Amino acid sequence: MTELIQIIVNGMANGALYALIALGLTLIYGVMNLSNFAQGEFAMIGAFGTYYFMQMHMNYLMAMILSLIVAGLIGFVIHILAFHPLRKSEPLNMMLSSLGVSVLLVNLSQYLFSPNPKVVSNSFSEDSIQAFGVFLSQQRILIVIVSLILCGFTYWLLERSKFGRSVRAASLDPDTATLYGIPTNRIAFITFVFGVALTGIAGGLTAPIYNVYPTMGISLTLKAFVVVVLGGMGNIPGAIMGGFIVGLIESFSAGYVSTAFQDVIVFSALFLVLIIKPEGILSKVQGEKV
Amino acid sequence: MTKTRLFYTAITILCIVCSIASLYIQNLYLLRVFILAAITAILALSVNILVGYTGQISLGHAGFFGIGAYMVGILNVNYHISFWLCMVIAVLFSGLMGLILGLPTTKLKGHFLGIATLGFGVIVNGVLNNWMQVTGGPQGIRDIESPTLFTIPLEYGNFFLGFIVACLSLLVLVIYLLIKSPIGRAWSCLKQDEITAYVTGIHVYRYKLLAFTISGSIAGFAGSLFAGYMTFISPDTFDLNQSISIITTVILGGSGTIAGPLLGTALLAFLNEWLRNFDELRLVIYGIILVAVIVFIPEGIYPFFKNKVISIFSKRKKASQPNTSIEPHAGKDAVNE
Amino acid sequence: MLKINQVVSGYGDIKVLKGISLHVNEGEIVGILGANGVGKTTLLKTISNLIKTREGTITYLGQEIQNSSPHKLISMGIAHVPQGRHIFSKMSVIENLQISMDHANKKSNGKDRLSYVFDLFPRLKERLKQLGGTLSGGEQQMLAIARALVAGPKLILLDEPSMGLAPLVVQSMFETIQQIAKDGTTILLVEQNAVAALEIVQRLYVMDMGRTVYESQQITNQELDKIKEVYLGMSVS
Amino acid sequence: MKRFKKMIFMMVSLLSILTVLLAGCSAPKGASESDSKKDSSGPLKVGLVTQLSGGGALYGNLMKQGAQLAVDQINEKGGVDGRKLKLLAEDDQANPSESVKVTQRMVSDENIDAWIGTLKSSDTITDIGITAKKDIPSFVPVAVADNVTDSGLNNVYRNVAKNSMQITEMVNYILKKQPHKKMAIIAENTDYGRNIVKIFSEQFEKGGRKITNKELYNVGQKDFNNQLTKIKASKPDSVLIAGLVAEGALIAKQAKQLGINQQLYSFGGFMGKQPMELGGSAVNNLIHTDYFVPTAKDEKTQSFVNDFNEKYGQIPDSYYSAATYDAVYLYADAVKKAGTSDPEKVNKVLHELKNEHTVMGDITFDKNGQAATRVWISQIQDGKQVGIYHAE
């Protein structure tokens, strides 16, 4: 019984993190129609930023905030150089460009910061809380809380604010959105920066539990893609939901089937969903994106 | 007609020259580079059938590549079946896998298809890595028999290169014929607009499945060649990076053309080796070049230069022959599609 | 109000508009008729700058607008109702309207405009919370026009409002359009349904091959028959 | 008709291709084994093939640093018989075909005199197949899988204990000195990890103790809660981490956070101070095998540690640098002794070495080129590595 609860807790804790990364990915996909394979690299940037700012004797919170700004700025530059020129080109080209960006960022950071893992420790990172034999580290609790807050904020921003309306309109039908006064290019810019900054926060949050090293983003990107597809691409509640589902599938398959086949099972689940409900598990209204 | 014949003659001469030249390459390193490049070229051609001719994305082609290689490895080492028979089985089996993958995924589009095929690649890699009893797990399979073709031992790099160039030429020919056949026309039709294709009476689903099957079996063929050449295979070769590098090759070179993937392979193979001079910055530069090429030449290198050449030659003719090629981006601006 | 002078534009290598000229006066309903593929939709998109003008000028209220950003036009008073309606399908009716109001020039009287629109289309008021994609074709067209109107435009570019609608709906739609014009908004109407359009337009152009081939100042019955027969290929019975 | 002509034409082209191919039979076979003359006055070239990009670059760079230090030192002292050493380090991305390509390039393009590599055992085996064709002395300082030195090649030398040696030492130590009866294993899903799982559990269970469960993780994985939860549920009294430090330290940390406070064991990956840096207090009391102790009171070790620290500003505390450093020295000394860089003679000298004193211990290569180096059992105690046991 304890084991079952622990498995669920593990899954939910990881799920919250996946949701956060997927959130950025799904936003960017929605507005730019870009499958951003460099998404995880922004988590890496956020994590490195957190590490180096903390080396300058800043506190964890400060370092995270600064590093999310850094992630956003780098995202801005990359958007100008690698994605903006391709906005009218085929989506496949943008995706490929993002792959190039990923290679570039990973290897550049390896060149600049060496491949050695760096350790970020804050006051939460060591201890965990315990209830009925179930353990959860404090840092993970922090991740869950921050992730839920950010997911909620993003949801509110999109659904309730004027800016969010513009973003949704631009993602549904860019040309018509333009006709009604929405500067779609600028919206794409802002969304991209916002999306990668969110992922940057995720990087800063995970730094204390996962350590910081150049290749840390790659597996996060893959997870985020699974989450996004499960939840329906460009669908915010779907991404949040999908995050938890992937986290749970992972922990259950590790707990009851095989740890070695964990990834195989996750991707098989993805396959099943794609076959049965290609538009994602949460989507209600059918209707293709233009 | 004369143009076509010229094309064939050029190709034939090129192949003959390559085959002969391959026998006289003294440098074993260059030989290895060429052979591996030729295998990559076959892979690129197979992905091109999906990406270039039918407009489907595949981010999991290393899966087929791996299935082909492992079929040969497993059958040859464990059951001592001759290499050539293994190869036939591998090609058929990976074609079958293509068909099976195609059954659910051909209904998907764009990014969804991309992620689904990516998932296929991850699943295959996971199975290769973990199904210890059959695939040997991370250790891979060693001591695969080096093939012998009519008493020519292909373990010598020169002969293998000659053989593989011949295979490649044959494949180019087959694909060329395929593209010019009704199948190819159906593909290009459904690539442009599936609904129109459907209305025109093309069985879209079936043609997509066919593309998946053919593409899978060609990748499997490349895999069996790889197994025969390396005589050692392990799951590391058939990972996501491999899938990504194949599709990168195709798109950089120019998808939807035959010369594009070949040119892409040649350039990337060259780039990869040349960049070794830059030590630690190697992959940084590689990334920059990748992004730069896509940003500046999104249509691919081959079509770009071809258009350049054509525009130089056709300046005189322009008055009499209006350019009727339809821009692929035209639809993007249009609100009504 | 709107003056188009020798405009050339198109997609990629293909020129669709080959030097078209026309003008719209304030308060008019001007129709542009023509067969499929002669460049009517392209013309509207060129006016609203979704497609770049390559040669020629577009003057709106004495100001050249061919180089301004497309998203600025709505605040200048030009609203474009695209062909096929293109409402935001996964957003509610009210959100569709809000989007347009967000970027309009005169924010102050947004409420008035909203109530004006609901007077015109009471149906929409009943469905405020419904997602755009779930509306019927006629309702979607209403929403598309309403969305243009809440921005408080001086000029509406209407692209094939009758497309895919039942004849009865078309009739009431055209009546509403007439009403809108009466209320002081200038309308440039592109239609294939010539019969219906001819009922309401005050002036019309016939397009062919990217040019205007016919311009009529006053529409008489005699002229109507001629237009129908010569330019629109309809037999007059 | 047109189509028919086309077909004919294509058949002809095809046939001609095949003819050329068949004509190839009579072509000179010499191409396959060219024997270029080596320059015997230029620098001695030492090729190092290892992973210098991606996750494993962490270890590959340590190898490169060790080799570079040795090369620089030897050159400072005037080289070997007046010939300088030159290190060529290339990245193989831990990819088999890249590794083969790079090795081949070194062998046939650069005409290397000695080869050192790689991080992964499976790639190493393939690569030494290439160097063996030219009898190039090949050193394996890092890859520990048993079968690297099982291939019967005459030119391969491993100056580090093979995997089964360290596993045996560890099992013997636990059986003799530790009370733990039920052990869980968490292993990386590579041949390294898989081999440990296999050999360790065989020997451990032969000693009458029990393995409660075996969990696998992928290299590069960051979250091990799922594996650890399963391990915890099986109620072991100790946990064995069969992996390298990048993941191993995280495993130790996350195990603590899950309330697994049992004794941890591991292998060579936990050498040096990196485990403490990455794992903090979580790795305290962890017991592991050790090939190289930087604090050993050995003169050679101390001078290596000092020189390395001077050059790179850090203490070389894992065997990656030390063993690679040794490999360069072993080769240079062998050339000195043989008086020539002729591979045949150098190989002979290397095989005849008796208790050559190196940083890694006294080296004697057996007929397969395997040296029996020291294996210590160390424990991390309050942020320090302490040698606690050494089998005599």
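Lettered A, B, C and D in written order, each chain numbered from 1.
The working rule: a contact is a pair of C-beta atoms (placed from the backbone, for glycine too) under 8 Å apart; a residue touches a chain by one contact, two chains touch by 3 or more.
Remember, it's a predicted structure, so these values are computed and weren't measured experimentally.
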{"item": "Chain labels contacting subunit A and also subunit D", "value": "B"}
{"item": "Contact-richer chain pair (by C-beta pairs counted) among A-C and B-D", "value": "B-D"}
{"item": "Whole-Å gap separating subunit A and subunit C, where each centre is the average of the chain's CA atoms", "value": "42"}
{"item": "Between subunit C and subunit B, distance of the C-alpha-averaged centres to the nearest whole Å", "value": "49"}
{"item": "Centre-of-Cα separation between subunit D and subunit B, whole angstrom", "value": "34"}
{"item": "Centre-of-Cα separation between subunit B and subunit A, whole angstrom", "value": "32"}
{"item": "Numbers and ranges of subunit C residues touching at least 2 other chains", "value": "50, 82, 86"}
{"item": "Residue list for subunit A, restricted to those that touch at least two other chains", "value": "106-107, 110, 175-176, 260, 263, 290"}
{"item": "In subunit D, residues with contacts to at least two other chains", "value": "53, 189, 216"}
{"item": "List of subunit D residues in touch with subunit A within their complex", "value": "53-55, 57-58, 61, 189, 215-218, 220-223, 225-227, 229-230, 232-233, 246, 249-250, 253-254, 256-259, 274, 277-278, 280-281"}
{"item": "In the complex, subunit D residues that touch subunit B", "value": "2, 6, 9-10, 13-14, 16-18, 20-22, 24-25, 27, 29, 31-32, 34, 52-53, 89-91, 94-97, 100-102, 104-105, 107-109, 122, 125-126, 189-191, 194, 216"}
{"item": "Footprint of subunit A on subunit B - complex, ascending", "value": "51, 57, 104-105, 107-108, 110-112, 114-116, 118-120, 122-123, 126-127, 129-130, 240, 244, 247-248, 251-252, 280-284, 286-288, 290-291, 294-295, 298, 328-329, 332-335, 337"}
{"item": "Contact footprint of subunit B on subunit A as seen in their complex", "value": "29, 35, 81-82, 85-86, 88-93, 95-97, 99-108, 110-111, 175-176, 222, 225-226, 229, 233, 258, 260-261, 263-264, 267-268, 270-271, 274-275, 278, 290"}
{"item": "Residues of subunit B defined as touching subunit D within the complex", "value": "1, 4-5, 8-9, 11-12, 15-16, 19-20, 23-29, 32-33, 36, 129-130, 132, 137-140, 142, 150-152, 156-159, 162-163, 166, 169-170, 173, 177, 226, 230, 232-234, 236-237, 241, 273, 276, 279-280, 282-283"}
